[in-house]
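Below you'll find a set of structures to go through.
Same chain, two partners: chain A is paired with chain B first, then with chain C.
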Partner chain A sequence: MLQTRGIELKNLVKVFKKKKKDEVRAVDGVSFRIAEGELFGLLGPNGAGKTTLIKCLSTLLIPDDGTAIVGGCDVNADPLGVRRKLGVLTGGERSLYWKLTPVENLNYFAALYGVPRSETKERIHYLLELMDLFDKKHERVERLSSGMKQKLSIARTLVHDPPILLIDEPTLGLDPYFARFIRTFIKTELHEQLKKTILLTTHYMDEADELCERIAFMYNGKIKALDTPHLLKKRMPQEQVLEVKCVGDIDDQAFSSMHEYGTLNLSKQDGFTYVRMSTENPEDLLSGVVEIVRDRARVLSVSVTSPTLEDVFVHLTGASLKDDTTQQ
Partner chain B sequence: MRVIIEEMRKDLKILLAYPVEIAFWIISPLLWVVPLVFQGRALIGGLQSSAFGALAGTSEYIPYVLIGGIFSTYMFTAVWSMGNALRNEMFYGTLEHILSSPVRPLRILLGKALFNSLLSTCFVAVQITICVLFFGLTITLTKILPMVFFLILLMIGLYGVGFIAAALTLLIKEAHGVLHLFEYILFLFTPIRYPVEVHPITRAVSAIIPLTYALVALRGILLGVEFDFARTSLILLGIDMLIVPAGIWIFAAIERRTKQRGTLAEY
Partner chain C sequence: MKRVIHYLRAINAENMKEWRIELKYKPDFFRQFFAPFVYLLPYFLYGVALLGGRFSEHLQSITGVADMIAYTFIGYLIMGFLNTACWAMGWSLRKEQWYGTLDTVFAAPVPRWVYVAGMAFHSTLHQGLIMVFQAVIISVFFAIAFKTTGIGVVLVIVALMVVGLYGLGVLIAGLTIGLKQWWVISEALNTLMVVVTPIAYPLAVLPVFIRKISLVLPTTYGVMGVRHLLLGEQIGYDLTTILFRLAVILIVWVTIGMGVFMMMDRYGRKKGFVSLY
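On to the complex of A and B.
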């Protein structure tokens, strides 16, 4: 097992004790293996344990049980070895020194990661060009946009050219333009060009579907399913999904008479409510579902689509990936 | 060594980004030292006090207090700056990124400590200049070398104290109250403003604080008060040898505990 140059977890456990006898098993016996050069996704809603897992792998948390090997180094026995091989990128803006410039930030982190002094200048030049930040190299970080800050965070993560990357919710809070840039960069540059081993966590199913070769569904600290996106979708017993997009509040109780016909996924996004019913015969359910929705909300569109990873996740866990949703 | 230098350079650049902070470092040495002189004048009406001399070994009250006030700067900046160093990184959002790099946190703390020692030295140099120019303190070149020797011994011990202060911040996050308490305790039990011989308890507790011996030595050098050079330096060295490993051990233990409990990046 120690030979792996990717990542390998075996029965990893992390428990947070809140009060006496009150504990949360944030990571509960997680096992999987990520091959060298693989882009692997960990998909789950907020609170599923994804970030805790990333922190265990980056040695910021000490696991309570099990083993985790990163690039051939055990996180417990050789944390410094693990850190040398890792680059950790998190979503959000506060991971840089805002009073310093991009060059000063990168210079500092290059020193922390032991990049030889003779190579640092060239490396920083390369990364700033790569992230299209060269013109901003002497601006204070506080004056950069959110997207530029995230680009600089990526440059910081790559400053020591680590073979393994842990990327935690990389597009969180970014506008669609920068989110698209970051996704494309991860797939084409980091994965295809630079051949990095990547563990990406996200709660955006489109992001995981678009980027990852294999995906693990994580929920309540456990891995519920692990496969390629294509094969995960094949796990749905129904091959079609009836989707009604509407405006208004609907709860799952309204569909209590429909449960026997398929899996319901009720979600809200950007002010719209989406009612998705996985079924083998959408035509049979069409009038019934639309009638229920029309009694409670304004119907905007009705369509029949293929199952998404979200549908599979709901089918397997009974929970949604989104924060503001109810499902059954 | 490169990490330590880069840490110092980073902290300096961040300090320079706040002009009001620079103004503080320029003005406050004066504001810190002048009240001590006025306090002395008000209390004893001049430079000499025979009652004070019986306790302190010198009757020069104002120079005695000035030396205590000036050199205690090192103690308080060590406690405050190292106590707040990791706290600031928490606020910047960079603490986890530093701690997930392959650098031992103590090297980063050491960089921060050295930077603050440099700041303290500038602070002290300005204060000494004020005292020499306006309040009759005399310093000859022959006094500087032994002063530097004892200051280095003092600073080594203070880094141990600073590691403990940093560990406390990591553990309890909002450590202002504890650091204030720490500061008041040091004020109480070290001969900054009065000789610790004034009470048996202060005399006993002061024996384990490095600043006590440093002040004895510095007053000996600057005011000509009799002191045992070899004995004082050996005691300071002994305290350093105890307090630095203790600080490192406490910091490592508390860092491990926060990683077990998942409270590292909590505010």
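On to the complex of A and C.
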């Protein structure tokens, strides 16, 4: 097993004890293998255990049970070996020193991460060019936009040219322009050009769908499903989804009479409520669903679409990726 | 060897980073040079009011030094190093958490004590610079004539004391991993050590049982050795004994400090304290 150059987990467990008998199994028997050069996604809502898993892999936490091998090194037996092979992007823009400039930040992390002094200047120049930050190299980080800070965080992650990257929620809180830049960068530069092994966590289904070769659904500390995005979507028993976009508050109780006809997914995003009903015959449900929504909210649009990863996630876990609303 | 160079470079990078951040806050940086001087003045004036001048026959009879201001000032400088160990090093991890950079720093391929050592190195340079600046100002202002013949030994004594205090600093840094209100311990240790160390008085005035505690502190030998060499204080120990005891204390304190730090680091990673920090 130590031969793997990617990542391999076997029955990994991390438990947080709150009180004497009250414990949270943040990572609960997780096993999977990420091949060298693979872009692997871990998709789950907030609190699913994704960040805890990343912290176990980056040796910030010690697992309670199981094994984790990163680049051929065991996280328990050889944490320094693991950290030499890892670039960890976590904490977003706060993972930088805001009073320092990009060059000062990268110089510091280059020394900390063991980049030879003779290569540091050239490496920093390359990374600033790569992230389109060269013109900002002497600006204090606090004066950069959130998107630029995130780009600099990525440069910081790459400063020692690690073969394996752990990327935790890379586009969280970014505007669409920077989110698009970062997604494209991960896909084309890090994955296709530089051939990095990447474990990416996100709760954005589009991001996972667009970027990842394989995706694991994580919920309540467990892996609920693991496959390619295409094959995950094939797991839906229904092939179509009726979607109603509206403004107003709706709870799943309103749809209690409809549960037998398909999987309901209620979610909120950008101030809108989305009612998605996975079903084999959306036309049959159209009037009933719209009527229920109309009683409680203002309908903006109605459409029939293919199942998304979110629909599959709801189908498999009964939970939404976007918020805490309940599903059936 | 490659690894040692990496660690030394990381320690220096930490030091340079701290200088750069400090220099971004220029008014606060320069305040640090003058503020301690201002803090000290009331105590000098208090002493002058009590004695009717800066010289004391009683102080001379028990220490061999009559100049109260020179005597107290040496202790005050040593106290600066103690504060550095308790606060700057102990504060280091918490400060990173406030910046938001702790996880990133802890994910670097260096042992975590390297980071604290970098902070210690910076703190020593910082405190040393302030100490020299204040020594010059106070010497000129109060016309204190320090002996300069033993300055080399003074530097050795200060170096041994400071490294011994690193043990305390790294111990406190370790405790901060598991304790939210770490400053309570830091404050308590700092205050106790200031009282138990003969900062502004000779060892002889301390009660016997406190004197025993005093003799396991690096600051006690630091202050006695430096005062002996710069002012001619009669301390009841020869320099060889002072240097030997400082070396032993250094080994013991650093070993205990590192042990506690590594234990707390592991404990914190097991319990998730660093993430929750």
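The criterion applied here is as follows: the second predicted complex is superposed on the first by the 326 of 328 C-alpha atoms of A that agree within 3 Å, B and C clash if a C-alpha of one lies under 4 Å from a C-alpha of the other, contacts with A are read in each partner's own complex, and residues count from 1 in each chain.
By definition in this document, contacts are C-beta pairs under 8 Å (C-beta built on N, C-alpha and C of every residue); 3 or more make two chains touch, one makes a residue touch a chain.
Predicted model, so just to flag it, every value in this text is computed and none were measured.
K.L.:
Using the overlay on chain A, decide if chain B and chain C clash or can fit next to each other.
P.N.:
Pair status: clash.
K.L.:
Figure out whether A:94 sits in contact with chain B (first) or chain C (second), or with both, or with neither.
P.N.:
both
K.L.:
Applying the touch criterion given at the start, work out whether A:80 contacts chain B, chain C, both or neither, answering first, second, both or neither.
P.N.:
both
K.L.:
May I ask you to decide whether A:138 touches chain B, chain C, both, or neither, giving the answer as first, second, both or neither?
P.N.:
Neither chain B nor chain C is touched by A:138.
K.L.:
Could you look at A:112 and tell me whether it touches chain B, chain C, both or neither (first, second, both, neither)?
P.N.:
In the superposition, A:112 contacts both chain B and chain C.
K.L.:
Have a look at where A:104 lands relative to chain B and chain C in the superposition and call it first, second, both or neither.
P.N.:
In the superposed model, A:104 contacts both chain B and chain C.
K.L.:
Let me test your reading of the model: by the given contact rule, A:230 touches which partner, first (chain B), second (chain C), both or neither?
P.N.:
So A:230 meets neither chain B nor chain C here.
K.L.:
Pick out the shared contact residues on chain A: the ones touching chain B in one complex and chain C in the other.
P.N.:
On chain A, the overlap between the chain B and chain C contacts is residues 14, 16-17, 52, 55, 58-62, 64, 80, 83-84, 86, 88, 90, 94-100, 104, 107-109, 111-114, 117, 140, 156.
K.L.:
Considering the complex alone, what residue numbers of chain A touch chain B?
P.N.:
14, 16-17, 26, 52, 55, 58-62, 64, 80, 83-84, 86, 88, 90, 92-100, 104, 107-109, 111-114, 117, 140, 156
K.L.:
Which part of chain C faces chain A closely enough to touch in the complex?
P.N.:
6, 9-10, 12-14, 16-17, 20-21, 24-25, 99-101, 103-111, 266, 269-272, 274-275
K.L.:
Over in the complex, which chain B residues touch chain A? Could you list them?
P.N.:
2-3, 5-7, 9-10, 13-14, 17-18, 92-94, 96-104, 256, 259-262, 264-265
K.L.:
Quick one: which bits of chain A touch chain C in the complex? Just the residue numbers, please.
P.N.:
On the chain A side, the touching residues are 14, 16-17, 52, 55, 58-62, 64, 80, 83-84, 86, 88, 90-91, 94-100, 104, 107-109, 111-114, 117, 140, 156, 160.
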